[in-house]
């Protein structure tokens, strides 16, 4: 077996909102990684590890634990990445822990204001035998197969420090379950070295992440990087064996969807030789679309096209 | 073989915007159907048959053909349906013709204003061997498997005449590909006899129906009706062997999604005994969501939950 | 004094949702009026008169009173109006009663879901000496000058029956305080005779009508009609001595604003000879904009330009 | 006359996107100012001075001039301001130059996608005798009275570096014409010293700033600061002699309006002793609302209540 670089997560007592809860061009990289290398990254869950069995997030906070929200491990300097390039992140594997947390917090979530009188709620689910064991309030165990992915993953913006709760052209908190092992995520590069960061792994998530959290876990993620020199993209893209996908974030949600369809049209034109309006028309017949999340400051939609319809 | 009632479509020269392009409590039923009976309904395509091979919609219109948009066959009186009931429509089968039309019209469509300089475009695709044969502008034929469904299907509103281009609580132009053979659509009943109508079959459609049309076809649809007496629902629901689904329409699209998730929560509570906030949390882990369309006056989202997670 | 036609409102026990709570091409006119004639119309308040002093709407409903929402007096047939024309409604005067009602209803209103735990609330305010006497929960009387206008006013749509709660290109429930005495409202004509209706007068209203109701009153409105033959407009317009205004409705609210600015641009081009992009640029320097309401099924924005900047 | 501190703007060749085009906690203050002191601040226009008579922005850019967008002068350290306080900025006076620039840029602006085929356009207007002299494309001069205000004004966010094009709870690019001489702007303080910055003065602007720019000018602004210790506010507020106002930014625009109405409700409760639901109801009768802008990454709405209705 070849050598694998391991990037450890910072002890959570040392987490810092400016350095760990933003993607930010002014923060010093924690590691430098070459293209083609396999890297193992330890990530925090969205609560920075504060929610433990037998203890709600509320209780953690009451004990005086300051939890930066949605911390990322990084920035990681990717050797050879320059502004105007595309960073390709190959997701090789995600190692899950034995349990994950789900919370409802009043004032947050997709149905906030649509369901009345919600009280905060925390649920810890065991993860074993490839499934999340969700125990309902009535005591029934419902098994949901794990389908792990990276919720927050991105690069440093051009000249902003963007909160890790927010998705955008730079990636960030897209909560898109297609960013999963076996797939390749493409991100625009704005800074020398890209200044890449990630966290917020979900063992499994429903489309929309409607209550505001999924099965939130710390994890160990194996990645490999590649840089497409001089290839600029406007928004994150994902490629699986079977599909090309664009991942765009905006409010309202239809704007996220429009951006995603437009990017997909452009991809078909640039890389597969379609006429633009023909591509647009064909998407109306053959595209798939997923609502990734409707709970973050911007909402995320994914548009997809099966590769079987495309020839280079 | 048992007797099957056939409801013919009106010759398109006789189509009338008030009677055929709205769902409308004041229109006299064209047929009366009993529960359990198999009914065969002839439907018009969204263009009322005006777009023919070798002729664009534009040309049809220039020849003085007045085409009511998106005409429905109906109203069909469902015996025994009363306000406050739920109408169940079992979709048995859809018979497709040999070709279907797709159009781009400036001033209409999901990327209107997002892609510049669009010109109108009409494409006729052959349907054979279970696939749509889409010929690209460069002359390549791309085969897309048919996946037919009913684009516009609904009942008369309580006291409005709603254009058949608009979806709502009464159904209408939902353009939801889950309204397909094998599935059961549930609709709220507002009028005695429900006053049901349908049209706008698509041989196949991409999620979002982004250019504003799919593979638009006239068709013959086989249906069977059932009435759930005294069971009231707020929005259309769909049930397949594997999933329960809610289909809601609003602007912006996130409101359609919120409505769909809220209805799904309510369904889990009413029929499957979940606690409300527990249902909400579980959807955040296990729901699926589809963007049905972002081109009609209201946008449509579908939220789904696999039945394997549910026990009555 | 010349003869004035008086159009009486229907006793509210006889109000009918299909005839009085929609603008609807299938309803028989209640009166026919010539251009230039002064007409006096009795209108209902939004609650159809059901809310009385010492009685909440809730109580009215509990007593079995069926109240069609937001009833209009009409349809009034305007002699000489043909599809494609513009109907000009000169608002001469509004006669107010001695009190008006304001209500909060859970499940309705601009901050529904944004303020928690709201309970229904009805307040009756006296109207005297040109002011509404609003008595706060703490017993203080706050006087607000009356500024009466017609909340719901419009014509029959082309081939729909649109609920009187909804605004649109046909007018309807715009809740726009610029539709006041001294101003001229212009509406597109879709039906022979226009089939005009009105109701829902407000003694005064805040921009946005944020809680969902204003000072709701039955009233007597004096109007005079004019028809601009062959002049077609796309959305309602208002003209005062000092300003031209466009009134557009959509969701989200920015779309209503965009429509209103675009219509204003078109008006400057058509009637005042501006270059389109120059008009657009000038509005960015000199337009005013009002949020009319954010509580109805579509939201309404008004864009205005002082006439002092315009020369025919 | 007392001593007045003058804070000079950085030469535009030295402007830096990270330091001048974000509000950012990591940037070293350029000056420190005590409460009660009169301060004179030189500000850049939104184009950093690059657009000059006889030269479009396009041409400036073609000559290799790198223009950070919407640069601010700052950060200014306000002595005594601590996180959790409110910073009060009294706007004493704005000194205008002799001309201002307005531009249309394809891909930007409120009617982008709603008007087709726009070409870029730059207009320089003279400012004299208290009016902007706008020359139409047809050569007519239209005089618009100046009504200067500060378009971009804010403090450093808690732990983000937010682009100066974006408005938010921290202030920023609100483009709200109520931030004018004679009025007091209140901002939440997130950082020690507040780290205040400003720029983007407009000689006059239409509501909505619909084409994306107003009469853009560099200026000299006279201010005085005050700190309300231990008084925390959630969003910017403005007070004039006659009105209290809340300024909130979001997408869609109705969310900005809802936030503004909710903040106004809270203000009435906290400082003027109203019951919450009574305040909500009263705003529905007496509030005013302005669309500040619909062109920046978030849209801005202002809700207002005349002080004559309020007693402390």
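Read from first to last, the chains carry the letters A, B, C and D; within each, the first residue is number 1.
Methods note: a residue touches a chain if its C-beta (ideal position, glycine included) is under 8 Å from a C-beta of that chain, and two chains touch if they have at least 3 such contacts.
Quick caveat: nothing in here was measured; it's all calculated off a predicted structure.
Colleague: Could you see whether A-B or A-C has the larger number of C-beta contact pairs?
Modeller: A-B
Colleague: Sort the other chains by how far their Cα centres are from that of chain D and give me the top one.
Modeller: Result for max centroid distance from chain D is chain B.
Colleague: In whole angstrom, what separates the CA-based centres of chain A and chain B?
Modeller: 34
Colleague: Return the distance between the CA-based centres of chain A and chain C, expressed in whole Å.
Modeller: Averaging C-alpha atoms per chain gives centres 47 Å apart.
Colleague: Which positions in chain C touch two or more other chains at once?
Modeller: 114, 251-252
Colleague: May I ask you to sort the chain touch graph into line, ring, star, complete or other?
Modeller: Graph shape, chains as nodes and touching pairs as edges: complete.
Colleague: Write out the stretch or stretches of chain D touching chain B in their complex.
Modeller: Chain D residues touching chain B: 112-114, 116-117, 252.
Colleague: Within their complex, state which residues of chain C touch chain D.
Modeller: 102, 104, 109-111, 114-115, 118-119, 121, 123, 132, 134, 136-138, 140, 142, 144, 204-215, 251-254, 257-259, 261-262, 265, 273-278, 280-291, 294, 299, 301, 303, 309, 311
Colleague: Can you list the chain C residues touching chain B in their complex?
Modeller: On the chain C side, the touching residues are 17-18, 21-22, 24-26, 158-163, 250-252.
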